[in-house]
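In the two complexes that follow, chain A is the common piece, with chain B as its partner first and chain C second.
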Partner chain A sequence: MGIEAIEKRQGAALVLPALLWTVAFFVLPFAAMVWISLGHLDGREMVPGPDLGNYLRIFTEPALSRGIWVSLQITLIVTVISVALAWPLAWIIATRVPPRWRRLALLLAVLPFWTSYVVRSYSWALVLGQKGVVMTALVGLGLLDAPVQIMATRAATVIGFVHFFVMLLTLTIYSNLVQLSPNYARAAEDLGASRFQVIRLVILPLTLPGVMTGAFLTFVLCIGDYITPQILGGNNELTLPQLIMLQLGRRGDYPMASALSVVLMALVTLAYAACARWLKMERV
Partner chain B sequence: MRLTTSCAAAAVLAALAPTAQAEELNALIWCDHADPALLEPFEKAHGVKVNTKEYEGTAAGLTILEQSRPGDWDVMVIDAVDVHRAVERGLLAPLPAAEMATADYFPQVVMAANNSVDGVTYAVTEKFGYNTIAFNKAAVDPEDMKSLKTLFSGKYDGRIAVYDYYLPVEGIVGLSQGIATRDLDAAALERIKAPLFALKAASKQVSDVVASQTALATGEVDVLVGGGEWLTAVLHAENPDLDWTIPAEGGLLWAQSIAVLKDSKKPELALEFVKYITSPEGQARLATSSCYWGMPANRKAGAQLDADQKAVLRWDEQDDYLARAQLYPVPDAATDAAMQDLWTEMLQN
Partner chain C sequence: MRVLSWAYLVALFAFILLPVVVLVVFSFQDGRLPVPPFRGATLKWYAEILSDRDLMAALGNSLLVALGSSTVALLLGFMAASGLARVALPGTLAMRALLIAPMTVSYLIIALGLLQMFNAAGVGPSLLTTGIGHVVINLPLCFSILYAAMGEHQKNAMRAARDLGAGEWQVLALVSAPMLAPALAAAFFLSVTFSWDEFIIAFLLTRFDVTLPVEIWSMLRSGLSPKTNAIGSLVFLVSVAITVTLEFTLFRKARK
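What follows is the complex of A and B.
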């Protein structure tokens, strides 16, 4: 046996555990979920498929299909706002905060991760309420005549999400920024670029991989989240995870819950493909 | 050295002995049964440990049972109107009806038709209450709450929360249209669609128990459709203005039952637990559980409750309330699916 063949066998042997792990804990459960999604509920009993009835319902019944659009809209809004807030924050921490204070700044940035997700969401419910801190302050300062409703709206859901994901994005963008050599900016300035041009034409494109990684993570975590829209959205519109929970908790309709989950995974896969193909995430 | 070894061995045995002897009872419950104040007297009296797992909604409970091994669970708390569903699946063991304390019950909540199948008793009612209208009387005129029509009048638009459970709320909306809960069929669902959507439009939120309590307690909303003593009683000490009533059109009676599971490996102990829960002491503790309050099914629990607790539970008004309340809808599978579809459509509208 030649050295090349031996190396190939060694490589296969090294990959095998990870491959088996993926097959056992992802491929097989996913295949089971797809198979269940092709069944349907007859009365209160599950009938195995295959039929595409659940998928047909998802795309033809307004109450279900709207869940896809609501999820996509909220996720895209959250991702864009989070990136817009996180990039300047990461840039300030990486370039303007003195090195000895950076660790503290990062620590403060990740503090929200230390609290329970559910507790944080209920805290936002209190803050955003008509008698909460925000409305009391705005009315007290004379900026509003009367409290406006934020709690139990899409805005509350977006605020709850953004609070969490800005921190996540800040970390991914910061890790990208600190790896950049300062010589890029110096070279651009030597060639006559203004400070703003340096950021826009040099620094920002170079941090695109970090931005895209964070944006993709934000997309995945946001579109699959149940807690925040459930607590802050007031059930005034339903996202895909909320629809999935309704099928599981109330109806015991595992086929429909599985079909909705497959649609959710398809959306995530499309998002990954877009990030990898057009937005240079593969460079990370 | 030998003495030290002997002492150590004795200490290890002494430490292990209670653990080895302690029996465990596994209970699939609603959150009110997880209160240590309820479980401790039984655990001490029988030298056992009660392990609990909370669930919400009969479908979730039945799913847990079907995904467990036979014998994993000994007792189960279940919505009284869903006992037949569990019996149909062969999950419940018959109970010795003569040994149950139902003779001491409020007669309306014995609910023999719901707790028995073909004359065999499979469960006993343990607690009940009402899904009706809860409100903050400091912000709402209590007179307005005497009719469900107020909800659709526009007076309280944006100040209403709806409890996120389709069965009682669709039942209440049915009552507002003069439809009895037992008559909620496909045709009736068409009739309640418009008022249900109007109620959603007038509401600020449709929320679960905790979010509804938070909204009512913080003044985010002033009226909760579907609420009742089970939701306001635990907040009464903090805010005595939180109140509830049964309007002229009526309210819905909720009732929870307790049953022994057919595959239990400790049926005698499980039966003892059922007897304890339905005894006056167990009933009083269950009625005032830290998770939520509700009326005890056993009248004799009244002797164990103080005047304040009875006032919060509206003990003296139960005869009138029971006369005016209707049971939860008990839809067949097709109607249940239609009711849930309507609920999803309402939420997404």
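What follows is the complex of A and C.
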């Protein structure tokens, strides 16, 4: 046997355990989930399919189809607001903050990453509650006559999400900005562009890859998250992950929970297809 | 423009840091509710969490799952990256895609799939099943970090070692691993962080022994309490301390 053949065999032997793990604990469960989603629940008995009854119900029963809209709306609002807030922040840190303070500024901008994920949502519940610091301050300053209800509304969910994703996007956009050569901006200025024109017409388009990578990550993480809407948004309007957990908990309806998960997965895949041209996922 | 920039910076920092500041400040609240007015400082909530047996057990479980699952993920990822970086196998691209695929799937979906598979197989939820789930989410991460770190240079050194008579495991342990030490450390550290903080997989795949995020979640059901602030602040301060230490020791050396 030649050297190359031996190397190939050894290479394959090294990859095999990881592949087997992925097949056994990722591909197989996923396939099982798709299969179960094609069955349905009869009383407490699971009746195997294949039938498309669950999917038909998801798109016809308002209680279920509404979840898709709520999730999509929240995710889009969060993604747009987060990009709009994070871009200027990343730009200011990259260009306005003196170099020796830059690392510290960046560190402060992502400090809450180190709180636990459940605790972060809980903290916002403290801040936004009727007796929380925000309402106390606003009433105390005379800006409001009485506390306004924010908790258990969509606004609270959006604020909690935006907080997390502003940090994430600031990182991706910042790392994109510092890689740009300052010559682009100089050239544009030499050619007579105003400062806003430089930002709008030169810098902004050049950061599109960073923005799109961050926006895609935001979309994926936001639409699949259960904690933030559950703690902050309450049960007034349910997102897709909340609906999935509801099927599991109250009714033990695994087929429906699986079908909703397949829909969730499809939404993420669509988002990926939409941003694929800007994403350099194949490089990871 | 300048004033506007600074005003924006301050406003955004206030927004970003507000919940953390509120969390930490009201963990010292001398009263039963972690909301204004602040009634003076006390450490009693910290004393209470440190003597809470369920909470400390959950902390230990989290540490166990995080370290265990990260070790397995790192080992599998390292082997796979070494194998794929070395030779062009038929289907290399497909294998890489398969290994990275779990990264693009919501944790909730991974958790639900595993739950149903374990149910069908008659395996009850436990820390072990949670650990398996955490390996699934961290393997793609370890693999892609290590695969990206293996350059031409690395391949040549491995080949040279093999030509000089090193066995397969010797090449991995004595040549590859030391050369990749910074990437290995980074991958392990990131995996531990993700596992430590992961909620939904642990929530669906544990029952009696739970991890810390799940335990905190069940504390939330009894309403707001400075006790929750205290455990949250403690985890936050410990994480910051660990990160700062690593930054000044491991990664600083690696960057040189």
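Basically, the second predicted complex is superposed on the first by the 249 of 284 C-alpha atoms of A that agree within 3 Å, B and C clash if a C-alpha of one lies under 4 Å from a C-alpha of the other, contacts with A are read in each partner's own complex, and residues count from 1 in each chain.
Note that a contact is a pair of C-beta atoms (placed from the backbone, for glycine too) under 8 Å apart; a residue touches a chain by one contact, two chains touch by 3 or more.
Computed from a predicted model, the values in this text were never measured in an experiment.
Legend: residue contacts after superposition of the two complexes on their common chain; A:131 is shown touching both chain B and chain C.
Once the two complexes are overlaid on the shared chain, A:231 sits against chain B and chain C alike.
Once the two complexes are overlaid on the shared chain, A:67 sits against chain B while remaining clear of chain C. Legend: residue contacts after superposition of the two complexes on their common chain; A:152 is shown touching chain B, with no touch to chain C. Of the two partner chains placed by superposition, only chain C is touched by A:85; chain B is not. Of the two partner chains placed around the shared chain by superposition, chain C is the only one that A:117 touches, whereas chain B remains out of contact. In the superposition on chain A, contact is made by A:246 with chain B only, not with chain C. Of the two partners chain B and chain C, more residues of chain A are touched by C. Common to the chain B and chain C interfaces on chain A are residues 122, 125-126, 129, 131-132, 231, 248. Residues 1-2, 5-6, 8-9, 12-13, 15-20, 22-23, 26, 33-37, 76-77, 79-80, 82-84, 86-87, 89, 95, 98-102, 104-110, 112-114, 116-117, 120, 132-133, 135-136, 139, 143-144, 148, 168, 196-200, 204, 212-213, 216-217, 220, 224, 228-229, 231-232, 235-236, 239-240, 243 of chain C are the ones that touch chain A when the two sit in their complex.
In the complex of the two chains, the chain A residues touching chain B come out as 41, 43-44, 62-64, 66-67, 122, 125-126, 129-132, 149, 151-152, 230-231, 234-238, 243, 246, 248-252.
Residues 56-57, 59-60, 62-63, 85, 158, 164, 166, 204-208, 210-211, 214-215, 218-220, 333-334, 336-337, 340-341, 344-345, 347-349 of chain B are the ones touching chain A in the complex. Taken together, the chain A residues at the contact with chain C in this complex read 4, 7-8, 10-15, 17-19, 21-23, 25-30, 32-33, 36, 85, 88-89, 92-93, 96-97, 105, 108-109, 111-112, 114-120, 122-127, 129, 131-133, 136, 163, 166-167, 195, 220, 223-224, 226-227, 231, 241, 244, 248, 254, 257-258, 261, 264-265, 268, 272, 281, 284.
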